[in-house]
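Here's a structure for you.
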Amino acid sequence: MEAFSDGVFAIAITLLVLDLIVPEGGEKHVGSALLREWPIFLAYVVSFASIGVAWLSHSTMTEYVERADSILLRLNLLLLLFVSLLPFPTHVVANFLHNENAERVGVTVYGINLLLISACTSALWHYAVSEQLVRGDVRDEEVRVITRKLDPSLLSYGIAIGIGLLAPKLAVGIYLAIALFILIPFRAIGRWLRRKR
Amino acid sequence: MEAFSDGVFAIAITLLVLDLIVPEGGEKHVGSALLREWPIFLAYVVSFASIGVAWLSHSTMTEYVERADSILLRLNLLLLLFVSLLPFPTHVVANFLHNENAERVGVTVYGINLLLISACTSALWHYAVSEQLVRGDVRDEEVRVITRKLDPSLLSYGIAIGIGLLAPKLAVGIYLAIALFILIPFRAIGRWLRRKR
Amino acid sequence: MEAFSDGVFAIAITLLVLDLIVPEGGEKHVGSALLREWPIFLAYVVSFASIGVAWLSHSTMTEYVERADSILLRLNLLLLLFVSLLPFPTHVVANFLHNENAERVGVTVYGINLLLISACTSALWHYAVSEQLVRGDVRDEEVRVITRKLDPSLLSYGIAIGIGLLAPKLAVGIYLAIALFILIPFRAIGRWLRRKR
Amino acid sequence: MEAFSDGVFAIAITLLVLDLIVPEGGEKHVGSALLREWPIFLAYVVSFASIGVAWLSHSTMTEYVERADSILLRLNLLLLLFVSLLPFPTHVVANFLHNENAERVGVTVYGINLLLISACTSALWHYAVSEQLVRGDVRDEEVRVITRKLDPSLLSYGIAIGIGLLAPKLAVGIYLAIALFILIPFRAIGRWLRRKR
């Protein structure tokens, strides 16, 4: 299960690069052509960070889960469905971030995809815990730490989707903030800084 | 053999996303443009579920098979040929599901591809069993359970191809039903529900 | 080294599907449109079989090789360069098999790519043997069997490139024949048939 | 961490082939059409060699690093971001190497991407060393050898970016030279030649 999942995560995260549009060979001002495409680069970074977060959660979970039953395998496949789908709404958002009228739809579809990835990850973990598929030597405290990390992001995606209906561009910023908030290990950096001082 | 096969499955299942067509940047009604493309999304889900099923069977098999001889390696390569080919007929079906005249051909090619994946999986398993490549500690009962799962799907794909000649859209529905029928672990869910009550 | 190489082989073999051209949505006679594209499908099968052969040789070798020194790692990278390049000449050949004038160039470039894959595989093996990187428990006889398999294919690719200058289509047939000749395990099938009788 | 990273490296290096442009089916002089596209092939080789170098450094490091903490995992993700991004500036450079005016921008963006890959690799290693994540049985001498390999390439990319502002084509040549200089194991080849004599 792990090799296959790691493969899907790795491919989905790398396929995102195909969404970046290379300026035409005849273009005179390449620099400004690239800068004009900033929404595409923003969408690229948000999606890369979001898949990165999903992979980090997934690999923490597979480290703690001892064995997979048939339901867990299927939940995992559902998670991979939404992960491998993400390059699609990423492209839609990038295409429409200059188009006031349509970006609302694109950003909402994008947010729902992120929410579904997050929901599947949570479901996977809660199922594994409730079915005692987690390794015996993992302390209850550690289990609770992971649970406390997974569930709030579900809520924040829900709120961001709501905001996206009113202010799509703001929602993209929030999606980036959520991913960075999970990605940047504030506590570890704090400890590291204290030790260096 | 396993790492390479897992890689091919993971890539084939993730490449499917490239078939989804992103609406043009000038499009006003993105929402309805996306909804109008439902056959592409249906084809995406059917193919994702079918490759998911093939991967599940394959990983169960490689877990039970102890060693691979030269014939098994080649049968496996043939299976991977048809798995990695699936994004092609998926795209053909998606392109023609609005076109009464041509969809028959597309759906038939698609069904034959699914049948060939299923046939290679069955052949791989029957060969491994008959050549005693299966681990010694696997009980005969377990072997029979797997055989009983593999062979009927072969038959159902055959029937669905026949139906597809008369009613292509129905056949696509049947392909989805077959995949979901194998994917959804009814018994495990039943047991889980009974335990929860 | 193995995981990375297996990854490149798996991706190169799966990317070939992107070369297959899906008929336009407006096309009336999909069946005949697909049949007219037979050279693309032929090129697909030849390339799939050739990468399959290269992977089989490579995985046999990595099984026998105990450790990798810095030169072996670089030779391996060179092999992967030519493996991951193959989808390109495949596409060129497919594009020009209807075009008498140009197919000679395409088929020659394709043949040179196959020759280079074969040459790198041979070089990798000869280097590993001469530098005693092969596992100590592998008998000299086994080493010679592999060498005897690798070197003739190098020669046959050389001859086929020469033939391709005169009769390009014939050369493509020969490339398929070479790959199938290595892929089909005649001896193992013979033994299997004798045992079944 | 290793399987996922190896996957991203393998996919990024193989996706480069999609940047190679296949001549149109109607083209009469395929040979010269292919030759005219030499900048694309040069960019392909430079990028392949650069990702190859990054992978070699990365796999040496992961061999020496015993365990990954949360900061190391994130630094690794940042490295993978820049690795998986490389096919994009590769394409930009290839598109503009015939266009005097615009190639400066393309080559600079390309160089910055290479510099960032190199910088992340260095940061990863320095962090692992300073946090004692390196295996205990690795001698200090070995650690210094790796450090001495990583840091100079950072400097040479910096200089090459500067040169690229004045002479873009020369900078592409320097990027190739840097990659080949790291890839070609001069000392190992020297030893090998001495032994053969």
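Here the chain labels run A, B, C and D in written order, and each chain numbers its own residues starting at 1.
Here is the rule we go by: a residue touches a chain if its C-beta (ideal position, glycine included) is under 8 Å from a C-beta of that chain, and two chains touch if they have at least 3 such contacts.
Values in this document were obtained by computation on a predicted structure and should not be read as measured data.
Asker: Farthest chain from subunit B, going by mean C-alpha coordinates, please.
Answerer: D
Asker: Do the two copies subunit A and subunit D share over half of their interface residue numbers, or under half; same or different?
Answerer: different
Asker: List the centre-to-centre spacing of subunit B and subunit C in whole Å, with centres computed as mean CA coordinates.
Answerer: 26
Asker: From the mean C-alpha coordinate of subunit A to that of subunit C, what's the distance rounded to whole Å?
Answerer: Spacing between the chain centres: roughly 37 Å.
Asker: Hey, what residues on subunit C touch two or more of the other chains?
Answerer: Where subunit C meets two or more other chains at a single residue, that happens at 3, 7, 10-11, 15, 18.
Asker: Note which residues of subunit A are touching subunit B in the complex, please.
Answerer: Within the complex, subunit A touches subunit B at residues 1, 3-4, 7-8, 10-12, 15, 18, 69-71, 73-74, 77, 80-81, 84-85, 87-88, 91-92, 95-96, 98-99, 101-102, 105-106, 109, 131.
Asker: Hey, which residues of subunit C end up touching subunit B in the complex?
Answerer: Those in contact with subunit B are residues 2-3, 6-7, 9-11, 13-18, 20, 22-31, 34, 44-45, 48, 52, 55-56, 59, 183-185, 188-189, 192.
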